[in-house]
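Naming follows writing order (A, B and C), and every chain is counted from residue 1.
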Amino acid sequence: MINKFYKKVNDLDLNLIIKKIKIKNKLNSINNVKINNITTLDQSKKNEVTFFHSVKYLPLIPKIKASYIITNEKFSKFFNKNQKLLIVDNVLLSVAKLTSMFYPDALNDDFESNFIDASQFKKFKKVKLGNNVIIGKNVKIGTNTKIGHNTIIESNVEIGTGCTIGSNVIIKKSIIGNNVNILDGAVIGKKGFGFYPDKNKNIRYPHIGLVLIGNNVEVGCNNTIDRGSLSNTIIGDNTFLDNQVHIAHNVKIGKNSIITAQVGFAGSSTIGERVSIGGQAGISGHLKIGNNVQIAGGSGVIKNIPDNTKVMGYPAKDIRIFLKENK
Amino acid sequence: MINKFYKKVNDLDLNLIIKKIKIKNKLNSINNVKINNITTLDQSKKNEVTFFHSVKYLPLIPKIKASYIITNEKFSKFFNKNQKLLIVDNVLLSVAKLTSMFYPDALNDDFESNFIDASQFKKFKKVKLGNNVIIGKNVKIGTNTKIGHNTIIESNVEIGTGCTIGSNVIIKKSIIGNNVNILDGAVIGKKGFGFYPDKNKNIRYPHIGLVLIGNNVEVGCNNTIDRGSLSNTIIGDNTFLDNQVHIAHNVKIGKNSIITAQVGFAGSSTIGERVSIGGQAGISGHLKIGNNVQIAGGSGVIKNIPDNTKVMGYPAKDIRIFLKENK
Amino acid sequence: MINKFYKKVNDLDLNLIIKKIKIKNKLNSINNVKINNITTLDQSKKNEVTFFHSVKYLPLIPKIKASYIITNEKFSKFFNKNQKLLIVDNVLLSVAKLTSMFYPDALNDDFESNFIDASQFKKFKKVKLGNNVIIGKNVKIGTNTKIGHNTIIESNVEIGTGCTIGSNVIIKKSIIGNNVNILDGAVIGKKGFGFYPDKNKNIRYPHIGLVLIGNNVEVGCNNTIDRGSLSNTIIGDNTFLDNQVHIAHNVKIGKNSIITAQVGFAGSSTIGERVSIGGQAGISGHLKIGNNVQIAGGSGVIKNIPDNTKVMGYPAKDIRIFLKENK
């Protein structure tokens, strides 16, 4: 799925990689070695590079099939002599650089210039298009879908049947289910806010994930939903988002949830099913919010919330305790 | 006023209605009965259906002139034998279904496809239009009004004299006064975030209200102002809204108020005159905020606020108490 | 710099000025006196008008070279007999009126109607333009810059080399550095939310400042960045702004700062270098935030913050204290 959206360089010479990510150790027989991707520990294959940057991934070490492993000095002790390491100072920064080498387009969100001519729009059967619509190459649009004025659907995007896409909408790097409403001014699938701060010029982490939107979803006006970095940003079936909601990269929201206006999600949090979030609430990054959770408007959630809980406040706590303390 | 914006089906057969909203009681002589609208208790007329779903409307029962009344088992005792009831499980859900039958277009916010040709723009006297403007049928635009590039004014919208509408603006289902500024990227008049959660596919409540904007109003960039459901969303004369403000359905804001950036209003709250609200404050739904109220930035208002009060905090309280508690 | 963006009336007759701002004192020999600008105390020159409205500007009085000084009764004692005063009730309101007389266009943000024909776009060397782009007169665009679909670059704007401007972006009254990314839907350079509340029709303060954006900056989707009033709004080099951020007039943000999604800045605050602000935080107006400050997401900052401080909460306080109090 990812390949379709991001053009990958076929092979990179190991010497070139070593030079770019600045390894600190010496390797033997590195000439004429071709590497053809960078992947996560558990999904890695021969002739690929993977990376190890946290002890929480120790259980995955036996699963590594990659030919080379980017890691740092400290973690090198976890590997045996047969495992070829690329020792660097900052693992994630090196991963960013190598990912950029394989996916040079993923760093940029240049506007879609590879679009089809309006004369080809007739290939979309039973699709109603507004004025000044721009559609990239290899876009799929299901029957009975409507796409409003000035809207831009970038290359390879897939939109299901019976959808209503508003005007001034921009959709890129996304796969969208059936009967989905995306309202005016929403921007879906741009790169996330991920980078390494650097004194002179921050270094962007390439985001090669997608936005996956289920069936019967509604996305409100002027929403911003960023695509995933290595995984995807996901909105589950029948979840409704009100206006001016912001969803950062890698966030996953379950089915049948209700997200009211101006709510914001920081990156990589997972939200359960049947979750209801009141207006202007904020959810910090890397959290797990259970099923059937209710979060009052204006709350600031900074830790995990178990299933079937109602919370309120900043930081958000049990709603009865909050209301008792704040009579 | 509403008729112009929403096409109403003329007559519906009572048998069809009964089937659709699934009534639990038995009615006599229901054949060949035509119903021609659904209205509120106090405005209902013969051959219409109205609905009763809360004891707070008991005083209105004597005013009912509708031929049929949707209510539930529990409330049926309030009616006499001559009043013909349609007993259902969920009154508002049935009202949603019946409203959708009468106003089938109100459920959707499909992009305006019924627009006039640019060659007809000359009928707008002393109006200055940007590039790529789209104007629906029966739109009225006063003299000395300017409408920016890529802006969409949907059918039947009325805009007064001396207005400045920015670029990339979308206006639908709205009536706008004189000397109003609507800044770039604002979306005005879309359907509100109202629906019945349903496991497989949420059921939208049709919103057949309007947005009414007074004279000398300013609406900031990227604002979202939703139209009313059965009543209207109203912005009073000379009220100014900063950027990124969200106003949900049925909210009514009085004259001479100042709403700073990123403020959000949940549905159906009423805000007085000369109210000042600081940035990022949130106002919960169904509240009454008095005249001359000042709400500090970042506050979360969850209960009514009397006239001439300054509040701050979350939940918002008297500002002196808040500041004393939070030194 | 300002002259290029705002057309200034050359000379105004002092009699006309006096009438417009309604002075309360009597002046001698006011016929045939021409005034050619209104400026701040320290920058004022002969034949200009300046203004004094706060004791904090007392040290600047000796620097005044303006021929006339707008002030009120109370402050008139600070001036000597040779200084010609224009005594008014409300200094800033009079300044607003006089500024409007000199810069009549600064009050309005009418859409750009003075744009060049697409046939002239070839003058921008090595610049890639999307569909339906509108470019005002005297715009400068550096090489290797890309400008997305439907984007509007208004007259006199300057954009550096290697920039990526998204689609549906509006830029006015701005000077933008090199390697800057401005993402889809951002609105940059509109007039700020500054006006004198007036019962019948608020009186707008003309904003004749600019937005100055440094090198390597990123501005997120649907951001709104207002231009300065008399000074400028400034975003320092290598500062990144996430989506849905709002920046009011005169705000100055230092280099290498990170502003996460949905953050809002009220007017005239100054933010240091290497400042990090979490999602949805709000910064009140006229504050000074030091260097290396970290502000947790959701915080509400209502007072100055010294260098090297971490704060959280509403009102924001030392993060350790906040977390201890809110376990």
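Convention: a residue touches a chain if its C-beta (ideal position, glycine included) is under 8 Å from a C-beta of that chain, and two chains touch if they have at least 3 such contacts.
These numbers come from a predicted model, not from an experiment.
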item	value
Cα superposition angle of chain A on its copy chain C, in degrees to the nearest 5	120
Same or different contact residues where chain B meets its copy chain A, judged by the half mark	different
Where chain A and chain B are represented by their mean Cα positions, the distance between them in whole Å	35
Junction residues of chain B - those touching two or more other chains	132, 150, 168, 185, 222, 244, 262, 280, 314
Chain C to chain A touching residues, read off their complex	128, 130-132, 146-150, 164, 166-168, 179, 181, 183-185, 216, 218, 220-222, 238, 240, 242-244, 256, 258, 260-262, 278-280, 297-298, 313-314, 326
Complex contacts: residues of chain B adjacent to chain A	108-113, 132, 134, 150, 152, 168, 170, 185, 187, 190, 193, 195, 197-202, 222, 224, 226, 244, 246, 248, 262, 264, 266, 280, 282, 284, 300, 302, 314-315
